[in-house]
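Each of the two complexes below includes chain A, the first together with chain B, the second together with chain C.
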Partner chain A sequence: MKRYFGRKLLVYILTFVLAVTIDWMIPRFMPGDPISILISRFGPRQGGYEALQGYFTSAFGLDVPIWQQYLNFWRALFQGDLGISIYVFPTPVIDVIMRAIPYDIALLLPAILLSWLAGNNFGAIAARSKRLDDTILPLGYILTATPYMWLAILLGWFFGIVLGIFPIAGAFDQSIPAPSFSWLFISSFLVHWFLPFISLFLVQFGGWAIGMRNMIIYELEADYSHYLEALGAPTRLVRRYAFNNAVLPQITGLALQLGVVVAGALVTEVVFSYPGIGYLILQAIQNQDYFLLQGCFLFIIFGVLLANFLIDVAYVLVDPRTRMGMQGEVG
Partner chain B sequence: MTASTVIEPKKRSETLYFALRNNKLRIGVLVLLFFIVLTFVGPMFTDYEPYQFVSSGAQPPSSEFWFGTTTLGHDVYTQFVLGLSSTFIVGIIGGGLGTLIGIVVGFTAGYRGGVVDELLNILTNIVLVIPALAVLLLIAAYLEVRGIIAESLFIGCLAWPWTARAIRAQTFSLRNRDFVDLARLSGMKARKIIFSEIAPNMMSYLLLAFILQFGGAILTAATLDFIGLGPTEGISLGLMMNNAVLWGALLLKVWWWFVPPGLAITAIVGALYITNVGLDEVFNPKLREM
Partner chain C sequence: MGLQVENLTVYYQTLRGSVQALEDATFSIADGEIMGLAGESGCGKSTLSNSLVRLVPPLKLIRGRVILDDQELPVADVERMNAYRFRQLSVVPQYAMNAMNPTRKIGRMTSELLRSKRVDYRAALPEIKRRLDLVKLPQEVLKMYPIELSGGMKQRMVMVLSTLLNPSLLIADEITSALDVSTQKAVAEMLVEFRNREFVKSIIVITHDISILYQIADSIMIMYAGQLAEKASTETIIHSPEHPYTKMLIASLPEVGVRYADTRLTGIPGKPPLLLDPPVGCRFRHRCPVAFEKCVEAPPFLEIAKDHFVACWEVFRKYA
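And then the complex of A and B:
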């Protein structure tokens, strides 16, 4: 188990270092000198070219050797200093992001967990039952091939505009001044949350249902299943064993899917103007707020790594082989 | 060896026989062919440029404007058929590069083993956990001019890890078979063994990997384009959806603007997935009974 976590942690730490390095390198080494482009863009907006030049020079630490710039970047990072946002000038980027994070968690966590649970259960039931399989399988393939933003657009258009049941912009009613624990806020929040949630849920659901269906069929063909059947075990018991074995690759699959799901959440937020990281990224791009964009990048990487680690822990809890040091899926 | 060459022609016709009878494969290939033909033939039926003002805004589909016009007065059909070709370019180049890197890394790691495998494995795992879109966003945001080829190449460079992993595992299991040992004993070079002994046994597998990479690249590109970081020149299906949302197609109920691009992506990617499953059943007799 130590070896299992040791390897995983090594990969995560290396990934984080690489991500921070990319974040540091791209503005500095991209062709076309992005920093001077930055300065020329903000020049007229914040007045004084020289003042800005000075600000950027100190913010990027351009007056010291390259290796020291890199170390300074890390030091600033550990102090939570990601720069100043241009989009909501002069709020620190970290504060802007922190305000958006709760909305991302409220959207992503239920969407990921519920679609995983529902998809696996439906897929397991559909496997080898002709009628269900004929409906769930094509539906699953269509859903999993659907671009997240398109489903979001369709749902928003149909339920938001044509039927007018759900709002399609923001996280709560504009007339409510600030988030609070009142009934008014919570009901408004839930109504705004539903469409982004359901479109994230549906696309993922398709993928999990297909994956589980195929895994169950594979497991039901395995020797142990045939042996159990030969012993006269009830079908339900055989299927339960098959499910327990099939769920392991689905946990690994969840870790692999995280990046795609996060990307899906970003565009879903864009469609519904939902004030999470995705919406921030859109604003950052439209306002050419590069500090904010880079901060969002780091937070996405950090979030995905953290989630990966939690899934690893879950895997150890579920699969006894990894606990016993038999290595399970370490590979 | 001689026995297998004798069986070869018969086996090939058998594969073809099952391929033609497989419904998933037939549906998938038909849908794909439809869109490929549309990509080549479609532009002949339009005289407009994608961003040319052709009529007053938000005209519903009519005999003059088959797919209607956008709120900006552009012809949706023109944008759609030209956007289709961007989609296929990204799929071929991005998916192709992703598969290629995956093959090289997978074969090398799987065949060499040892330290090389260990290092490549760590590299694969790192690229695997980094969300590709986040990196693409950062790169694209700093590029002043973005072309569709560059976009495809970037996508391919980040999409290879799962292919590499799968091919490594397959190579691993083939590496110690008798015929590979025999080739090694006869003094064949490692590269030759990989390409003449191992790869031919995985051809179907490589084809399946390419199909999935193709679909994945299309979805990634659509996402990137939708955020507004797609190619700065030209049109794509993702960009159409981006414009539709930005210019109020939802509120104004201009559904003919955002339905075709998303529908095409869903149909193409869905057809690729179904083709993939169909081919899998053709190549793998165990799965045929379904």
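And then the complex of A and C:
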């Protein structure tokens, strides 16, 4: 057990170091120069440009050799310092991200969890009802094959423009100065939240339902199901066992999805101009914001690794076969 | 008492028509009898066992009755059969190695299964433990997952599980096929032990391994291409069979002490017929050395001597 987790931990640390290194490299090898973009926003006069460039380059630590930048990056990372954003200069990156994260969580957590629950239950029911299997399941195939942004655009067009029920941009009404716990804000937030939520929910629902249906059919054809049936066990018991076993791979899928909660849903957020991390990533790329981009990716790395680690732990608890494998490794 | 099967005819419904896998099977098994059911692949052994245990599509009951302990079993009614399964009629399946839910501890699975049959697990526990001792399984297996057991242990566990409610009839389907020879013998002897202790009244042992049957079976029934060929005591089938197919089948078995370097082991020339469109009459007649005109009619399964049943016109002519 100890050795199992020890080895796992080592792999996670290695992955982390590698991922962070790549994260540091990506923006630096992108074409373009963030400092000149920043300066061009100030629109300085002739001569002032050079002065500003020298100032900003050293202020952002871009004047030292590349290996020095890399080491500085790691040092800053351990101090929780992700640098200053260029896009929303001079706000620290960590603040920009922290401001965006609540929107991601509010949008993605319900979308992922509810679609998982609903999809799995629906898939399990569809697997044993011929009529549902023939009618609604094909819809699931269409849904899961639908690109997020396309469905988002369709929904936005229909509900936002044709029917005019839901707003199609932002997380709350522009007339509200700042988020607060007032009824006005909450209602405005929910109305803005609905379309991005439902577009994410629908696509993921289709995927979960299909996966679960196939798994259930597989499990109901497994030998242990046939044995229970041969002993005249009630259908309820057979189905319960099949469901419990079929849900195992779905748990992995869920955990991986939860890992990217902090990553936001880039395309959906872009379509609805929803101010989550996904939207930030787009802005960071467009503005050559090294530090913001790095920060966003870093959160994604953390999220994915943490989720994977939790799956490893959860599997040991849920599936005895993994525990056996573990003993095998030690022995 | 015991099992009576009358004119049991079961077909597989396929897109290309009915596969006539079991045709007019009529036989009985007495209480306390261990009957071996043998024949080559595709002869209908498993169809017969499935018809008794779980007759679901593509299997279809065409006609026939199954009577167990003077009660007719509703074999074609999957739901109503549930009341008889496990209690009156049980099975040790071919896939006994994978028969237990991999994610449940064996004890928990047993208790859930028993509860679904309205049997109290706590009350049954002492008996379960006694039977585990009998098959030389440690009582700790109840706290283990199936994956922690070896193949042979899983097999024994399933045997204990299947016979827990003391069914009248146990069907053991190819249970020795996946085991090595020494384990085979132990498992076979366990079946006899279960019968002797009256955990089960009678047993059908399905196998294509006649040597196992010779060790444990009281009687052997031979099937060919969906029809019953011969049923008699084990001694009779092995030493003085009457049906030409049985004779050739027994003759093709190697004998201990005989060297086959000089004499070739004989087989049966030809192939069994396809059951999608089987020949009328006796299905063995195209491979049969003694076939004559009469064989285009299906021979009945008649008792030519006490407890010796044969379906062959040539044999009837001899005994007439």
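Things worth noting here:
Everything below uses one rule, namely that the second predicted complex is superposed on the first by the 245 of 331 C-alpha atoms of A that agree within 3 Å, B and C clash if a C-alpha of one lies under 4 Å from a C-alpha of the other, contacts with A are read in each partner's own complex, and residues count from 1 in each chain.
Simple rule for what comes next: contacts are C-beta pairs under 8 Å (C-beta built on N, C-alpha and C of every residue); 3 or more make two chains touch, one makes a residue touch a chain.
As the structure is a prediction and not an experimental result, all values here were calculated from the model.
Using the contact criterion defined above for the overlaid structures, shared-chain residue A:10 touches chain B, although it does not reach chain C. Of the two partner chains placed by superposition, only chain C is touched by A:244; chain B is not. By the touch criterion defined above, A:215 lies against neither chain B nor chain C after alignment on the C-alpha atoms of chain A. Using the contact criterion defined above for the overlaid structures, shared-chain residue A:86 touches neither chain B nor chain C, since it reaches no partner. Within the superposed three-chain model, A:230 lies in touch with chain C and out of touch with chain B [touch as defined at top]. Applying the stated contact rule after C-alpha superposition, one finds that A:153 touches chain B and leaves chain C untouched. By the touch criterion defined above, A:319 lies against chain C but remains apart from chain B after alignment on the C-alpha atoms of chain A. Once the two complexes are laid over each other on the shared chain, residue contacts for A:203 go to neither chain B nor chain C.
Touch counts on chain A: comparing chain C and chain B, the chain ahead is B. Touching of chain A by both chain B and chain C, each in its own complex, is seen for no residue at all. Taken in their complex, chain A has these residues touching chain B: 10-12, 14-15, 18-19, 22-23, 26-27, 30, 32, 34, 37, 141-142, 144-151, 153-154, 156-157, 160-162, 168, 217, 221, 255-256, 258-260, 262-264, 266-267, 270-271, 281-282, 284-286, 290, 293-294, 297, 300-301, 304-305, 308, 331.
Those residues of chain B that touch chain A in the shared complex are 121-122, 125-126, 128-135, 137-139, 141-144, 162, 215, 219-220, 222-223, 226-229, 238, 241, 244-245, 250-251, 253, 255, 258-259, 261-263, 265-267, 269-270, 272-274, 286, 290.
The touching residues of chain A, counted against chain C in their complex, run 222-224, 226-234, 236-237, 241, 244-245, 248, 318-321, 324. Of all residues in chain C, only 53-54, 81-87, 90-91, 93, 95, 98-105, 112-113, 116-117, 145, 147-148, 158, 161-162 touch chain A in the complex they form.
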